[in-house]
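In the two complexes below, subunit A is the common chain; its partner is subunit B in one and subunit C in the other.
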Partner chain A sequence: MAKQYGLIAKFDSPADIMHAAEKVRDAGYKNWDVITPFPIHGMDAAMGLKRSLVGRFTIVGGTIGITTGMLMIWFTGGSELSLPFMEGYKLIVGGKPFFSPQFAFPVSYELTILFSAFASIGGMFILNRLPRHHHPFLKYKDVAKGTDDSFFLYIENVDPQFDEEKTRSFLDGLSSGEVRELED
Partner chain B sequence: MASANPVTSEVKPAILDEVNPIALPRPALVENERSFSWITDKICGIVEEKTPTWWWVCFVLACATASFTVMGLVYLVSAGTGVWGLANPANWGWAIVNFVFWIGIGHAGTLISAILCLLRQKWRTSINRAAEAMTIFAVVCAGIFPVFHVGRVWMAWFLFPIPNANAIWPNFRSALLWDVFAVSTYGTVSVLFWYVGLIPDLASVRDRAKNKIRQFLYGLFAMGWRGSNRHWRNYEMCYLLLAGLSTPLVLSVHTIVSFDFAISLLPGWHTTIFPPYFVAGAIFSGFGMVLTLMLPLRAIYRLEDLITQYHIDCMTKIVLATGSMVGYAYAMEFFIAAYGANDFEIFAFVNRAFGNYAWAYWIMISCNVISPQLFWFKKIRQNTAWVWIISIFVNIGMWFERFVIAVTTLTRDWLPSSWGYYSPTIIDIFTYVGTFGVFSVLFLLFLRFLPLMAMAEIKAVTPQADPHKH
Partner chain C sequence: MSHDFSPNPQKWLTIGILGLAISLIGFLVDTQIAAWSYLIGLIFVTSIAIGMLFLVMIHHIFDAYWSVIVRRQAEHYLSALPYLGILFIPLFALTYLKDQGLIWLWMDQSASLHGHGTVASDILYQKKTWWLSESFFWFRAVFCFAVWIYFARTFRRNSFSQDSDGSLNHTYSSRNHAAAGLILVALTWTAAAFDWIMSLEYHWFSTMFGVWMFASAMRAALAVMILTCAFLVAKGPLKGIFNTKHLHDVSTLAFAFTVFWAYITFSQYFLIWNANIPEETFWFNDREQGIWWPISMILIFGYFLFPFLYMLQFPLKTNYQSMTFMAIWLLSMNLLDVFFNILPSLKDSHGEPFQMFSSPLNVLWYIGGVLGAGGILLWAYWSSYGNTKIIPIRDPRIEECLNHNH
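Right after this comes the complex of A and B.
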């Protein structure tokens, strides 16, 4: 038999899984998760999860974006700096100023959005530790139900409170279905 | 603490006992009380079924049409931009018209996915995936025109600030360069937004896949998504932030497109109303295209339970609202021209309505201002044939709007000796018609290989998804 990863229970409705999650949270488990085919409103609170940190990545990306835009436009057209492989060149066009934040704004604005978008998605993947193609749940026999219409809750055996017997009977009390082994 | 303030703790909000708010019935977003697994089977079924005959017929026709663009561009590159009907002073002909037309089409996709997401309009869930696909493919079609309009297309990379042997940088003071950044950012962010939305649905398709190759490919792009709530938390925040970023983006893109005209000094172009007027027009044309695409899809794939009459109602009302805004902008342009008392401005507008191109102007008015007014009538909104026909009129009208703006001003510039009549050549026409083929090829491939509706999002707005419902 393969190594055990944890115990998993199946639920049939969003209400059931949410009540179960609240009880698991209150029982003090740490290494556990809920699998749902769509985001359930209120589940973050039921699991005791804090606000997501993706926004921090976004603000960093946006700041880098607007700085890049402004500096790039100033360097290329408003300076005569010499950098490796490139140098600024002040070109007179229609008597307009070599640099002003007004005309640099549209491009910097677009770069702000571009960099923020990349940072948000990158941040989401980093915080989620994705891509990860070998998670034990992906090998579970009912995995297709998890992205279809069923709801699962599993507690990992690395959890400090995990106890084969107690956790099994605890999950049995929460779910109407059978509690199964999740193999690593 | 109740004891600290005994008076307030005993005060009963008496008014609440009297007020009995009516429970207004909300229209169901998924009809016939379909279950979660019905939604999965329905949408995944479209990707998993054997390729239908109609798909092959359409695909072959679309490829044939797309070849017009390919041939048109091959000829253009080998002979030069003179093969287009451009003649001084009308140096912007169909190329800019087609570019603005396609970019505008794309805007409805972003409006549906981003702005309606921020406004918590739940009906967006059935149509956002296909509308975003439409956005991306429309941007692809739009990009063709300015890139080839530069003439020496192999030098198009000069548009980007890439260090080169000539030590030349792009001119950031030009609205045309702002456009390069706006459109490329728009294309990129639209793809990212679309892809993030696709991840959970790709995981559904992966988990249902019967053969190894499908499992591998869908699995690769699903990034190992498993529906964990610890993931959903970051995912939803990311999605919300992308919606928040795409909203100013979509408004800025068409604003910058309108700057191509508005920051010039030509009568008829040099007006401050252009940015809002262009954005409203873009959303108007985009919703026209969404209806043109979604109504046949709804009939072919029997999606009436997912794209309900309520969805069609919402879309037609947006067409009506934005169409009226566009009509208001047309009227306001005339008013400002008259009120501004500038002879050249007045001439430009009188010439638009009664000059050489009056035929195009009145096609534009009938299609954009008059035809959507029919959507005031419930009977029309409930008749899919009528809705579809009006959506086609909107597409035609919005193409003519850009034609009228670009051509009437350019062919009547400051120097009467250079006045003329601009006509496209056969190459112009072929290249443009071909882009519909390019668009259709991409859209058909999307239908075949990707889930055309956001299953996870639709499931989340069904009544049974509410955890407080027992």
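Right after this comes the complex of A and C.
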């Protein structure tokens, strides 16, 4: 028999799984998740999830972007710095100063957006531990139903509170269906 | 609905009349500065009302649900538009009957320009006479107000009638009117921006100016909306109805228009700076002299950067105290921005831009101008507020709006 990954319970409606999630949250479990065919509003709060930290990555990316834009324009048009493979070359464009923040702003602004987007996507991957090519649920026999009309909640056996008997009867009390084993 | 809070519109009417009285004294004592201050106050307050009109129309055109209770507050503000139209009459009287070049210099054909000839002999005026004629100017002002008042009345009537009969036709009517209104109000508001502010300095031209005025109106209206809702929640009437999720959404709009305003303002500046044509750059050169230089810096950092970084933060956007502070901040900065766009167009005898605090008495006229129109706006709001239900109880989307908490 394959190694156990955790216990999984099936629910029939968004309301059911939402209430179940609230109870699991209040019971203090940490390593658990729900699988639903579509996003359910309010699930974040029901699961006790905090606000996403992606925004922190975004602000760092944006700050790096605006700085890069400003430095790049200053280096190429307003400095005579020598860098490996690159030379700053002072150049008058349109009778404007060698460097002025106005001139550099459109570029910096675009780079702010670009770097923010990259940082957001990168941050999302890091926080979600992506890419992840496999999840034990994908082997579960009812996996197709989880994308159609059923709602699942599983608790991993690595959870500090996990106890084969107690957790099973706890999930039994929440779900009207059968509680099964999720194999790794 | 049981709550102890009862508004007192008369108080605001008194404040408004006090402000108008100050302006009236100003017209007699210090005619020009007082007239310009009056114009500033009037444009500032009209932009709040027009921003509210845009908010109502945007709500209808998107068939939005979260903003149903917010829309009712905007509808109350719309009732001020006819009075604001009436408040334009003194400006007409002053420029038509007393001194034609008092505010809009081009109205006085014989006014001498600093350094060369008169308005009538100015080629830059001659090319624009088809638009800048006095009768056409006042016709446009009347036409603009007629359009705004028509749409304001329609949205108010539809919304308030629905409270009693619950008919869906009111919603459809409003939606259709919003589609036409967004175009018409955008065009008339642009015309108003060109007429009332840009033509103060008729040599200057900027195609961005109408968009700037739209951004400005939206920011002012959203700041007033946040203050209104926060006040009504604190006092009780909207407590438990308007929740932090609604606050978050209004605040997010305020944040979005912060970025939009910065984008428009910078674009206008950048194109003129880049092209470097004296006919355009002089407008900004005037605004780099004396006190206008620090004010332009305050606008960049205080009206964009600080609100941007502040409202970037979720906890601050969902808290009544922090958003009340930000709304007051935005409104003050908006007023400063209106000053910045209008007042330097007033020139002294040497052709130098007028300095905001050249005389302590100026401040009195500024206060009079803003209080007069502002008092009338709030009087109109509270009068309308007292006559209707606090939320549109039979709006088809009211239930979704009240359950808006995710």
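Criterion: the second predicted complex is superposed on the first by the 184 of 184 C-alpha atoms of A that agree within 3 Å, B and C clash if a C-alpha of one lies under 4 Å from a C-alpha of the other, contacts with A are read in each partner's own complex, and residues count from 1 in each chain.
Here is the rule we go by: contacts are C-beta pairs under 8 Å (C-beta built on N, C-alpha and C of every residue); 3 or more make two chains touch, one makes a residue touch a chain.
All values derive from a computational prediction rather than experimental measurement.
Undergrad: Quick one: is A:Pro106 in contact with subunit B, with subunit C, with both, or with neither? Answer first, second, both or neither.
TA: In the superposition, A:Pro106 contacts both subunit B and subunit C.
Undergrad: For A:Ser13, is the partner it touches subunit B (first), subunit C (second), both, or none of the two (neither)?
TA: first
Undergrad: So, does A:His135 touch the first partner subunit B, the second partner subunit C, both, or neither?
TA: First partner only.
Undergrad: After the superposition on A, what does A:Asp33 contact: first (subunit B), second (subunit C), both or neither?
TA: So A:Asp33 only meets subunit B here.
Undergrad: Contacts for A:Gly95 in the overlay, against subunit B (first) and subunit C (second): which applies, first, second, both or neither?
TA: In the superposition, A:Gly95 contacts subunit C only.
Undergrad: Taking the superposition on A as described, I'd like to know which of subunit B and subunit C A:Glu87 touches: first, second, both or neither.
TA: The first partner, subunit B, only.
Undergrad: One more residue to check, A:Ser169. First (subunit B), second (subunit C), both or neither?
TA: In the superposition, A:Ser169 contacts neither subunit B nor subunit C.
Undergrad: What is the shared patch of subunit A, the residues that subunit B and subunit C both contact?
TA: In subunit A, residues 41-42, 51, 55, 94, 96, 103, 106 are touched by subunit B and also by subunit C.
Undergrad: Under the stated contact criterion, what part of subunit B meets subunit A in this complex?
TA: Of all residues in subunit B, those touching subunit A are 35-37, 40, 161, 163, 167-175, 177-178, 181-182, 185, 188-189, 192-193, 196, 200, 203-204, 207-208, 219, 223-238, 241-242, 245-246, 248-249, 252, 256, 259, 455-457, 459-460, 464-470.
Undergrad: Give the list of subunit A residues in touch with subunit B in this complex.
TA: So the residues of subunit A in touch with subunit B come to 13-15, 17-18, 21, 33-44, 47, 49, 51-55, 58, 72-73, 76-77, 85-89, 91, 93-94, 96, 103-104, 106-107, 109-111, 113-114, 116-118, 120-121, 123-125, 127-128, 130-135, 137-138, 143-144, 146-149.
Undergrad: Note which residues of subunit C are touching subunit A in the complex, please.
TA: 266, 269-270, 273-274, 276, 312, 314, 406
Undergrad: In the complex of these two chains, what residues of subunit A are touching subunit C?
TA: For subunit A paired with subunit C, touching residues are 41-42, 45, 51, 55, 59, 94-96, 102-103, 105-106.
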